[in-house]
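Shared between the two complexes below is subunit A, which pairs with subunit B and subunit C, respectively.
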Partner chain A sequence: MTVNTEAGLSTSPAGSKRERHLPGVEGVWVFVYADMAVFALMFGCFMWDRHQAPELFESSRQALSLNFGGVNTLILLTSSMLVVLGVDALKAGRTHLAPGFFGSAAACGVAFIVSKILEYGYKFDAGIGLTSNAFFQYYFIMTGLHLGHVAVGTIIIAVLAAKSRSERPGCSVALYEGGATYWHMVDLLWVCIFPLLYLVR
Partner chain B sequence: MDEQTKIFYQKLSIFMGPIFVTTFVIFWGWLGNNLPPPHPDWPAQAFTDRYVNNLAEIRVGFLVALVTICLYLPWTAYVTTRMKRIETGPYPVLAYTQLLGGCLTVIVVSISMWCWVVAAQRPERMPEITQMLTDAGWLMNDTLYMCTTMQMWAMALCILHDKKAKVPVMPNWACYLTIFCGATFFPASLTAILRDGPFAYDGLLGYWVPYPAWLIWMYIASYFLLGDLKRRVEVGEGEEAPLPVASTLRPAAAVAKQTIS
Partner chain C sequence: MESAVKSVIAVWLLLMLSTAASTWWFAQPTFSPVLGTLAVMVIAAVKVGLVMSHFMELRGAPRPWQMAGVIWVIAAAGTVMGIYLM
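So, the complex of A and B:
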């Protein structure tokens, strides 16, 4: 069974002007926007509470490891690029390259999860937890929910890597574009979370 | 039972969904004083005061809501049977997952209201006990949401995989929205740990996002289920006649006949 992609694609009648192509299926975009709206609410709550106690948030922020955050950002940006290359390879008919790109992207996802677990471990060792203060509450919840997204995304990209092994040139890329769209969202959310938690003074 | 009567009960079952949502908002939300909900960080006495000052409303609200929550059952039954038409064959696991999720949703939400009915039965007791019953009711909903999430995901996945229908039961976007609405409950698990801020059981992400998402989803799903029923009655389901199989077999049979002769 594969996801019904035809239903979502914009069906342009033959002969009419070619419509702009929406990557993936429309549903993926609805999901992505709704999900980002929830994160935006969370960012709003964070900014509001930060406004209430700027000293506490600033002093707590300094306890975060910029190295971990920076490496996390690099890992996700790299994996996003690998996914783009994978989808491009499928579109250009170089299907033999796609499994390698998607596989490496999934490996980046695993690397991100491992580095986050290490980061949490150091925080717990330092006696910092979810209930330490308002800042660390947001830190653990926002990065934790994001980590959940990364875990789901890694599984999706790994499945796409396995599936792309049997693709032939000219195959439908809607499924791959959908997975890539989700993965880019995960990346984008991190690009928002990283400055918000680790950098903003 | 004749066809007209069957269709009538099918339509009635779908309508039970929006009727449930409406009664839930009125009796659970408004009369039950859950708009806004109590604040988990209140002192115990505030919980007692909340029941004492609004005793009749809260009692009527939850007692009626406990009855109307069961309207969720025929709705779930219709969705199950509709999914079985898509997931044909003897192993309709998605349809049954959806059925189990729907049934357990009724029990989870009922037990949470039952805690509040117990709290309202004898509000003059020690405030700490009333506080505990209120907390217990909220945490019932906010930690056992996965039953509902499974129901929503099973339904969305089944409809997304429907290859036979020319027009699917729900459009692609509505299926993905269903998956999203089911996932909005995940942050609600934090209500068990945090008593203040957006992740508490009266918070933005513990209450104001997931509960409306669930209820709005039910309206959207019911709207498309009704449209699908109308289409089904007018045009027929299509999959009942084994036409695609016959049409693929016919040329092959013709070729076989020719080679034999």
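So, the complex of A and C:
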């Protein structure tokens, strides 16, 4: 694949159809889809085990805080949108706006991590842990794996925020698109994990 | 404001509102469990589709990469909803 800085621009020669463009590099997409496949498998296993013991899963689910889960979803969705705006600012030549967008997106990542640590703290205080039962095993493993992804993604976005300070109009956006693709996947996975663990009755 | 930026903000608003509806309406004890859960699952699948098409830019991506996303949503939502309704 050729990475071409023109590909992301919204202007195209009159009359010609805009070429299809894969954001970033192919390697990131292969990793993202492989990661998503593993999570999808986990979703299936969770639903299957839930099917075997619906009462246990439902009573355990009721110990979770919907407010924490819901607000965390809003935080990640907002963060994802800020990254889209950051990449768009670079593509459109408004490079001075990019550091603010990426920096705010990274701050959302930090907010998610802090909120998750608080949530785990409340669970531990209530005597709930990884070994409590099958439901909480899924809860801690799935949210824990996801939290690891959030931590990595927050660092990536923070690095992009710092790097974007020195960009000039017309710069290559492939690196930013790659980081953005990963961060959107982190958002997408939480959009699935949250309803699965917290909302399925 | 540019139209591309406008559509991203419109999608974000839709994602925020549907998240709020799932969390603080369809999943609440006052809503029928099965109908509420199915609504939550359909909304989640639509949200994933919106994130893929508008945030990950799969809308304008080469077909095979786009298809992989579509297959993932159908497989994941189909498996989860299928087992739920068993």
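What to note about this one:
The rule is short, and it goes like this: the second predicted complex is superposed on the first by the 182 of 201 C-alpha atoms of A that agree within 3 Å, B and C clash if a C-alpha of one lies under 4 Å from a C-alpha of the other, contacts with A are read in each partner's own complex, and residues count from 1 in each chain.
Keep this in mind: a residue touches a chain if its C-beta (ideal position, glycine included) is under 8 Å from a C-beta of that chain, and two chains touch if they have at least 3 such contacts.
All values reported here derive from a predicted model rather than from experimental measurement.
Contact with subunit B, but none with subunit C, is seen for A:38 once the two complexes are overlaid on the shared chain. By the touch criterion defined above, A:66 reaches subunit C but does not reach subunit B. Of the two partner chains, subunit C is the only one touched by A:196; subunit B is not. In the superposition on chain A, A:148 contacts subunit B only, with no contact to subunit C. After overlaying the two complexes on the shared chain, residue contacts for A:137 are found with subunit B alone; subunit C is out of touch. Residue by residue along subunit A, subunit B and subunit C are tallied for touches, and C comes out ahead.
Within the superposed three-chain model, A:28 lies in touch with subunit B and out of touch with subunit C [touch as defined at top].
Once both structures are placed on chain A, subunit A residues 29 are touched by subunit B and, in the other complex, by subunit C. Residue ranges on subunit B touching subunit A, taken from their complex, read 160-163, 168, 171-177, 179-180, 183-184, 186-187, 190, 193-194, 197-199, 204-205, 209. Partner subunit B is touched in their complex by these residues of subunit A: 1-4, 7-8, 25-31, 34-35, 38, 41-42, 45, 49, 130-131, 134, 137, 141, 145, 148. Interface residues of subunit C, counted against subunit A in their complex, comprise 2, 4-5, 8-9, 11-12, 15-16, 19-20, 22-24, 26-27, 33-34, 36-37, 40-41, 43-44, 47-48, 51-52, 54-57, 60-63, 65, 68, 72, 75-76, 79-80, 83-84, 86. Against subunit C, in their complex, subunit A makes its touches with residues 10, 18, 20-23, 29, 33, 36-37, 40, 43-44, 47-48, 50-51, 66-67, 69-70, 73-74, 77-78, 80-81, 83-85, 88, 92, 177, 180-181, 184-185, 187-188, 191-192, 195-196, 198-201.
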